[in-house]
Amino acid sequence: MQIEHKNELENHARLLVKCPDKPGIVSIVSTFLFKHNANIIESNQYSSDPENGTFFIRIEFHCDNLKDKQTMMENDFEQIARDFDMDYKFFYLNSRQRSAIFCSKELHCLLELLWEWQNGDLETEIALVISNHENARTIVESYGIPFYYLPANKEIRKEVEAEQIKLLEEYQVDLLILARYMQILTPDFVDHFENRIINIHHSFLPAFIGANPYERAHRRGVKLIGATSHYVTNELDEGPIIEQDVERVDHRNDVVTLKKIGRQIERRVLTKAVKWHLENRIIVEGNKTIVFH
Amino acid sequence: MQIEHKNELENHARLLVKCPDKPGIVSIVSTFLFKHNANIIESNQYSSDPENGTFFIRIEFHCDNLKDKQTMMENDFEQIARDFDMDYKFFYLNSRQRSAIFCSKELHCLLELLWEWQNGDLETEIALVISNHENARTIVESYGIPFYYLPANKEIRKEVEAEQIKLLEEYQVDLLILARYMQILTPDFVDHFENRIINIHHSFLPAFIGANPYERAHRRGVKLIGATSHYVTNELDEGPIIEQDVERVDHRNDVVTLKKIGRQIERRVLTKAVKWHLENRIIVEGNKTIVFH
Amino acid sequence: MQIEHKNELENHARLLVKCPDKPGIVSIVSTFLFKHNANIIESNQYSSDPENGTFFIRIEFHCDNLKDKQTMMENDFEQIARDFDMDYKFFYLNSRQRSAIFCSKELHCLLELLWEWQNGDLETEIALVISNHENARTIVESYGIPFYYLPANKEIRKEVEAEQIKLLEEYQVDLLILARYMQILTPDFVDHFENRIINIHHSFLPAFIGANPYERAHRRGVKLIGATSHYVTNELDEGPIIEQDVERVDHRNDVVTLKKIGRQIERRVLTKAVKWHLENRIIVEGNKTIVFH
Amino acid sequence: MQIEHKNELENHARLLVKCPDKPGIVSIVSTFLFKHNANIIESNQYSSDPENGTFFIRIEFHCDNLKDKQTMMENDFEQIARDFDMDYKFFYLNSRQRSAIFCSKELHCLLELLWEWQNGDLETEIALVISNHENARTIVESYGIPFYYLPANKEIRKEVEAEQIKLLEEYQVDLLILARYMQILTPDFVDHFENRIINIHHSFLPAFIGANPYERAHRRGVKLIGATSHYVTNELDEGPIIEQDVERVDHRNDVVTLKKIGRQIERRVLTKAVKWHLENRIIVEGNKTIVFH
């Protein structure tokens, strides 16, 4: 369901909870919402194991005059959270998350994101785009989005990252999207944005970790190629996987063709992951994701 | 999750509810279960519209000494059901549903069902198999399942159906699976088993309703062929769709090849539908299904 | 394989042949090419039936100094064509086909085509875009492509089509692409461009022929939605199918969501069909297509 | 197309050729066949590079009185093969290839193969089944196929392989199918059957090479699981890939469920690979396969 009217957004929120599984959680949370006159729109839950496992729930709810009540609700929820040892967060749809996109020369993922965003299908403000190439400037600025050209390479990594972080903070960015950004990020940088950097890797991980996956896929003679979107951690291509997809290929496809086919997979896989993140559908648990869709 | 141990099954149940959507349903139902010391294992819900729509929920729960408590629970739930104007049903996993399979000459769907059942992946007793051909007898009887050969055609339909109904009642059948049974059932017969007959149609409905779908798919030159499992109603191939799938074909595939490819689709689509029905994952609403999977 | 260098294109051609199947066709055609120093790059063939069927072949070949030799080759081929009763055509890659795109308000298919074309993945000049709405003008003109706004409706159909045909002739258009153009074309118009108009229909034909397929798919409760690209004939949505694809949907998806999902299918299905047409990979036979890919 | 009548099979053959690419190959081969009154039924070709690449062709042809002519044809072809430096082989459909199946405890791949074979969809005689467990005996023998129980483990590998080879030679086996056979084969064994052992690995290679791929897929949190059929070489899971496929999974699927889903992929991927091998559709080139389908 798409929420379209501004005043609907104002009364719309999501609650994400993670806690040790034990009886009564759904009862207490749903009763809490009911008592605050909140109406559940959508609810998804998952338990890693009903006996001593971890319980996860995502509830999307509507509540008249939410703005006036949200502080009180959060205060009231505190006690429940303590009793059940919950990690939790309320997300309010009246304040949109702010995203930054990093890209390099290849623009298919950037274009797909801009397109979906323009259609109103991504719940975000695109605050800025940063690239180590100039070729995205025209298209980005045509959407009225600030564009920054920051050349990047191994030698000047530290300095560039300092500038990038400055910009991301200045623009108050919540989510960083690596739309085929071809530079490695340092652990320092990654630590600034834990579980808030989404990358697209051009293979079905864990196959072909690292550079040149299409060349290596071609050399290995695989019959499927794929792409993987994941949160960035400090181990290359090892972060929690959000989404993957593949397409069929055959012996006739050279590397150039694999890349063409791959671009179609990459743009749709990255866009899905970003969309789900923005809709608060993803919970990271260890090195895995729970995606409520 | 698969429930494997007999004593786990004994304490395992499902509750399906359908009612007008209004605030508080999840709260009251989950609190009810909590008070009866039932632990929610899995829960899925859907609302056709949070404002004046219809609300559906499927809850799978575990409860120690369920057998002793189930009458009391059902009695206690009566009041809630009245207050919220609920259609509902409790399903207990200690009593397995009983299925009958009807087939004709082509046995791929029957074989797939027997195979999955033998693996323990279908929550059912296969009570009997009825066919208007003899060729399934050996395989069916090798599994220790009663096999009945009842010749069938237009002229003797009424008599045959009377015999079939007699057998289905005698064997206390809950679910009837038409595994490529090539005879039409009369409205009388269908009315006996509302939303309890699952058919596999060899096309992606609503394309190619009726006879010879592969021949017609070939003539039309489609690039995908499919299969559809649905509940049988009295309008041919118009019942609520449970599952569909397709495979890619091309100009080189003659009708014989389409049928071969189609058989692979049919057997997996029918088996999924049957599995979901037996796991009480399907709610029929109007001419559509809600499938919680 | 992509042909990139201008001088390679000059010596590159394709031969498409259709004739009654009988022994010796491949021998005579390949020997003809060999004698003219043409090197076969790719060859695909199909026979509807080796006994009294129809034989189809597509050969892509390279030949030094093709420009100087092509008249002679065509003359020499005449005799073979007569002997084997062939329908045939040589296509030379040095002269690109010219395309027109018709669109209405929804631009996703147009944008995908422009994008692929800009990447060099469509072998065509986009000669002009015609729309019955103004909203595509900015983007189309930003690519340097002429844009014509021609309002259209039932009452003025004849006059509008006359103008459209005038423009298509003026721009010497070989292929007309209907990229979600929401007006019906008259038989007169269609006859002008036999097997040269490609449409995208937003359902997996033959399901949901005609208007509002997503609404009808939603009402029917299908579990897959699709799109179909086909050549336009004078029977609505009944022309030869070129490509189809589907995506999985479920009970939670309302019509708005189906349309969103559908747009992703439509744009990739239409683009594939256009690409194959431009690469001379499609032979229309009766109401079906042979696609050599 | 399926060849059904015995006397059709007698006059049916396939020619597979691999040679350095240069102009005139198709011409000379097709003219050769035409002169011997052979009618081409199906033809597929591929060139790794029209300039100095390798050329591959598979031709399926029909020829009256083939039995009387085949020695002469082969002799006549010798000269062409020398001129073009060809690797080639004629395959005659009147002599069916003989297959052996090795399996262990899990029988889903074996059952699928038996089923397809019984339907007439595998061009082979299943000469024998060898297992290191007894549980397949009943089903195998019910088809009239000899079953051998040969216990196997690391300690007795050499002796067991000696017995296996003896049996495979005694039964004149052309193709060995590893249908989830859970023992490693020694290099000596593998060398006996170069490009004639087909294995099914339960992951989308090169991901999860080696043991316990489903456990590792679960741990990594992938969103797709797959299976790969490949020819066995002496590097574990590194042989030429024939076919791969995947299915979508999510966070709710435990390892047991992944294995269930995986079994469906494994059986269809292995069966396709075996079918293509038997139809002489596969050419191994280096560590990759060309599959003409």
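First chain written, first letter: the chains are A, B, C and D, and each begins at residue 1.
The definition used in the following text is that contacts are C-beta pairs under 8 Å (C-beta built on N, C-alpha and C of every residue); 3 or more make two chains touch, one makes a residue touch a chain.
Values in this document were obtained by computation on a predicted structure and should not be read as measured data.
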*In terms of C-beta pairs in contact, which of A-B and B-C ranks higher?*
B-C
*Of all the other chains, whose mean CA position lies farthest from chain A?*
D
*Measure off the straight-line distance from the CA centroid of chain B to the CA centroid of chain C, and report it in whole Å.*
43
*asked:* Need the CA-centroid distance for the pair chain A / chain B, whole Å please.
replied: 37
*Considering chain A alone, which of its residues make contact with at least two other chains?*
none
_Touching residues on chain B, where the partner in the complex is chain A_ = 23-24, 26-27, 30-31, 33-34, 37-43, 45, 47, 50, 62
*In the complex of these two chains, what residues of chain B are touching chain C?*
46, 204-208, 220-224, 226, 240-246, 250-252, 287-291
_chain C residues touching chain A - in the complex, by the definition given at the top_ = 1-2, 111, 115, 121, 254, 256-257, 260, 264, 268
